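In what comes next, subunit A is part of two complexes: it sits with subunit B in the first one and with subunit C in the second one.
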Partner chain A sequence: MTEQPAADEGAPGEGTTDGGTPTATDTADGGTPVPTASVDAALASLEDDGLRGYNYAYLDEHTKREVRRAMLKAVAIPGHQVPYASRPMPLARGWGTGGIQASLSLLGPGDTFKVIDQGADGSVNAANIRRLADNTADVTTTTDTTGADLIQSRHRIPEEVLTDDQRLVLQVPITDPLRNVDPSDAANRRRHAHANYGKMWVHLYENVVEYGEINIAARYPTMVAGRYLMDPSPIPRWDVPKLDDADHLTILAAGREARIYAVPPHTAVEPLAFTDREFTVERFPDQACHACGSTDTYLVEVSEEATDRGADAFETRYACNDTSFCEKRREHPELSKDHHLDREGVDWGPGTPDAAADDDTGSAADQGGTGQ
Partner chain B sequence: MRALGIDPVHDTRRTFDSLLAAMSRPGTVHDVPAPADHAVVATLLDHEVTLSTDDETLRDALAAQGRLDHAPHAVADVVHAREHTGWDVRDCERGSLTEPSDGATVVYRVDALAAGGGNGTTLTLSGPGVDGTATLSVGLPEAELTALAAAGSGYPRGVDAVFATEDRVATLPRSATVEVA
Partner chain C sequence: MTLLEASGLAVRYGPGCPRCLESTGDREGTNQCPHCGSVVACADADLSVEAGEVLGVVGESGSGKSSLAELLALERDDDATTAGEVRYAGHDGNLLDVDYETRHDLRTGEIALVHQHIRDGLTLEFTGGGNVAEQLLSAGWRSYEDVRERVRELFEATEIPVARMDDPTSTYSGGMQRRVQIARALATDPDLVVLDEPTAGLDVSVQARVLDTFRRVQREAGVAAIVVSHDLSVVRLLADRTLVMRHGRVVESGLTDRVMEDPHHEYTQTLINSVI
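Let's look at the complex of A and B:
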């Protein structure tokens, strides 16, 4: 019933398609019309004094201390999953509760906060997390990657290069890369203790035998600082090289599994691969974003109605996954990923593929390399 | 932590911000509210972790809030040391191989602290968080810093150190490779 507009205030006739008149319950129970142009617009029209009386940044200080202690240890032991007491949050675990606890423990009144969900700033989850921070932590929010001090992200690292002054919080559903090869957490913790990753190497070898290449789409097993095997969260392979020798600090926080781990700046991050079966990023041969024309960004397939070809016709198009950068590219098609830096040629994920790369031999170098 | 002149919300947040910046970039020095060592302890400590300190002001302030769980330095989670310790930092808790994060955080109150050169003992750092190498000058005896480096030699087991002057902090996380000169 929440989507039904209040018929007595809206246009007569709407909401009465069943022939009856709306009852009093309809109006009282969520009958207020809200703007539907975007989630942010809808949220902005709601009353937001519901969080008065909460502590600064929503979390109580006891919770923040717990999360902060875990974050400091996580940074001191790069890639090690530090357990912490994950608190109940005002949304279900699995919806970014780890990321929210990390972000709210970090944010201060002078900070600018960006939240992305699979590359998009406008999703319901991202908009509501931004709103929680805005209501309780007195921060400025933005969708511009280059203008953010803290970026909380679900499953993507932005296309624009992150800098020294920025921090990235990644939401993590499954913390242990070894979970795929052994469901026992106790056994996997012993493997991490002794850096015994043989079972993962066997898994990768079996992949090569079965598919001819390492066929892992996301959560690519990655070695941090030569010591710990890390699950980089379900970012695409495209984003993994961005963590290597990065300028920014990355915090990975899991609410459901109650673990925090981190990749400090200038830390070696190496995706596992064999010398004769190299790590490769996703390939989009001959494709460009339909909106901005980019060929050097991570693209996703979207299926859209093709009305010009008749009813029920659909066409598959490619679009940038990072919506904020796509919008900038639409205005300035030549904008580089390091346009905001005072130095050029920064190695940040896969580069622009050259024209000769169409043969699709599967070599990572053809697509601009792995960033290693 | 009003008893220590530290705002419990915003001063501890600023202290944490600087601690995280310092921990993720060993060799850099960051501003925190004064007195820095008290601010660092107040940021980290509550009844969930144990503290070892001989600083009565700090103990009284924490005890008044029920946040003090005092323990000997060999088992404490947070160890606060003024100037020289009188004990061996290698005796502190270093965690286990399965849970190295149980290793202690040692907070040293020092007089001198400077990135690059200075009139203290010079540490040359490399490893995670350092682009190439970095140098940090710390106002502690060479023997103390050598013992600290030795405490981290069984990585990932080890202790993480925080150096605090009146209003600045730097850190030595166990992941750092350190040369004392």
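Let's look at the complex of A and C:
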């Protein structure tokens, strides 16, 4: 990484501490260039100028161009993993560095940016990524899904329907769905090249043998445009159908693995399943969000202190995973997931709670215990 | 009807030189070229297999049996230089020149290989049933119940305990693993199965059961087979016709009974005398 430029150094461009004009306090052995006597003063000076010397949107233009090129290629070959350079970012690889590079390459000053981490806008990782974009790319940030031009997300697709004006960037820890069945990337690339997915089907078969249904919680293997098998990132099964024939562009970017792939708008995305063991989403029978009462959203179990039942008592409650939509629902309980669209009844994600309940009783009974 | 007709098959490991062929073989008593050091695993091999027929290939260790078998089963080895021509019923052109796609289709449908080494043929982490199912799923089966039913059927046919179907293959005994390979090979009703040392590493009673099972299933399904073995009794039991290989060359061929009872080639005579 480049060092932070000295506070009083006016050199534009990338951090050029080494080759640039030495400052008064710059020591020969390359010690701290921040001219200060105390930590507080150092922090104050960084707050002013810490980002001076960085390019717009943190990455230099060549890097952004390379990432964009990879994205274009990914769009042209839906579901195919396109390699890119993956620069070091001010964050450990595997913590969203791929997503950040994709987002920063796409963002412009007029854009509104939203970052979600497992459904929440407020978690540390999401807040930091949002702040990085805010500081370096001069974008407006929001937590409102409908107001965002670009949404970077880890492990969720928002509940509210995304439109063709919006782009979704998903952070990807592991790019190849086949790695579950064969650790050799070389062999797996050959399998992708020839659409030879027999081993993954065996994995699904054994899943049914063991559980009576395909019980892959996240990273559900998914065919894109009938050609490439894709790891849709660790989104829950609940979110996978949202990618099918979606209006928005989805970019999936992995920093550690240096791969980018994409689902262009209106692309067929089909989760692998048997004709007699169909793809199912998570079910939350008889549960509703304790905060907003929703029954048609993806719920998570939260264990909270139940002080009314005495000290050290805990209760398990269900809550919407998408915090921004939950907040809206709390104010308008009847708000639909497509409330912001001109059209109505947009098919987005799993159906209504009634349909889900029907599906539940039907398929669970059929599928349970047929393993032997 | 001739199912497969091969001529001039050759497999070479190493750089090769113009004198490789004349310097190796039975008469020279070696399969390694003294000029360039290449190993001519097999050369000038001609053979044909009729539909439903079993062809045996015998020879000592290193005589080129496995190289020949893998070549015929379209198992590609990137280190090897191959030559020759294989005509296969219902396919135009040389089978050795087909692209990956066609080869994959053939291997999941029409030509199956039972590997000499279990690890080459099975994924031991998968269940026994899963290994057999892989063949069906690769061939495009998409109904779970159908796959399940077929796997159960094959387990019964090859006498693997159906109760062990959903256990990891690594927990199976050697004989069971061998039979899983056979079940897998037969899964998609191929026309031709190539068995490379189907009884290697098994004790005699298990050998007998594996062979018995295969012979029965082979006759019932009417599938043609090429059985490669160093063990004359295996070939005697299974094969209608037999090839004898030595130093990478076919030294004798004929009806199995004829070869066993009236061996012409000196090496075959030694081989048979040493066994019986």
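Criterion: the second predicted complex is superposed on the first by the 307 of 372 C-alpha atoms of A that agree within 3 Å, B and C clash if a C-alpha of one lies under 4 Å from a C-alpha of the other, contacts with A are read in each partner's own complex, and residues count from 1 in each chain.
One rule holds in what follows: a contact is a pair of C-beta atoms (placed from the backbone, for glycine too) under 8 Å apart; a residue touches a chain by one contact, two chains touch by 3 or more.
Computed from a predicted structure; not experimentally measured.
Scan A:V209 for contacts with subunit B and subunit C and give back first, second, both or neither.
A:V209 sits against subunit C, while subunit B stays out of touch.
For A:H194, using the defined touch cut-off, is the partner it touches subunit B, subunit C, both, or neither? Pick first, second, both or neither.
both
Scan A:E66 for contacts with subunit B and subunit C and give back first, second, both or neither.
Touch partner of A:E66: subunit B, not subunit C.
With both structures fitted on chain A, tell me whether subunit B or subunit C touches more of subunit A's residues.
Comparing subunit B with subunit C, the partner touching more subunit A residues is B.
In the superposed arrangement, which partner chain does A:R283 touch: subunit B (first), subunit C (second), both, or neither?
neither
Could you tell me if A:T275 is touching subunit B, subunit C, both of them or neither one (first, second, both, neither)?
second
With both complexes superposed on chain A, which partner does A:Y56 reach: first (subunit B), second (subunit C), both or neither?
first
Determine where on subunit A the residues touched by subunit B overlap those touched by subunit C, and list them.
194
Provide the residue numbers of subunit A that touch subunit B in the complex, in ascending order.
55-57, 61-62, 64-66, 68-78, 80, 82-83, 85, 105-106, 108-109, 189-190, 192-194, 225, 227-228, 249, 262, 264-268
So in the complex, the part of subunit B that touches subunit A is made up of which residues?
Against subunit A, the touching part of subunit B is residues 8-10, 12-14, 16-17, 19-20, 23-25, 43-46, 48-49, 96-101, 103, 105, 127-131, 155-156, 160, 171, 173-175.
Where on subunit A does subunit C make contact in their complex?
Listed in rising order, the residues of subunit A that touch subunit C are 194, 196, 198-199, 201-202, 205-206, 208-210, 274-277, 371-372.
Mind listing the subunit C positions that touch subunit A in their complex?
Residues 100-101, 104, 108, 123, 126-127, 129-131, 133-135, 137-138, 142-145, 147, 166 of subunit C touch subunit A in their complex.
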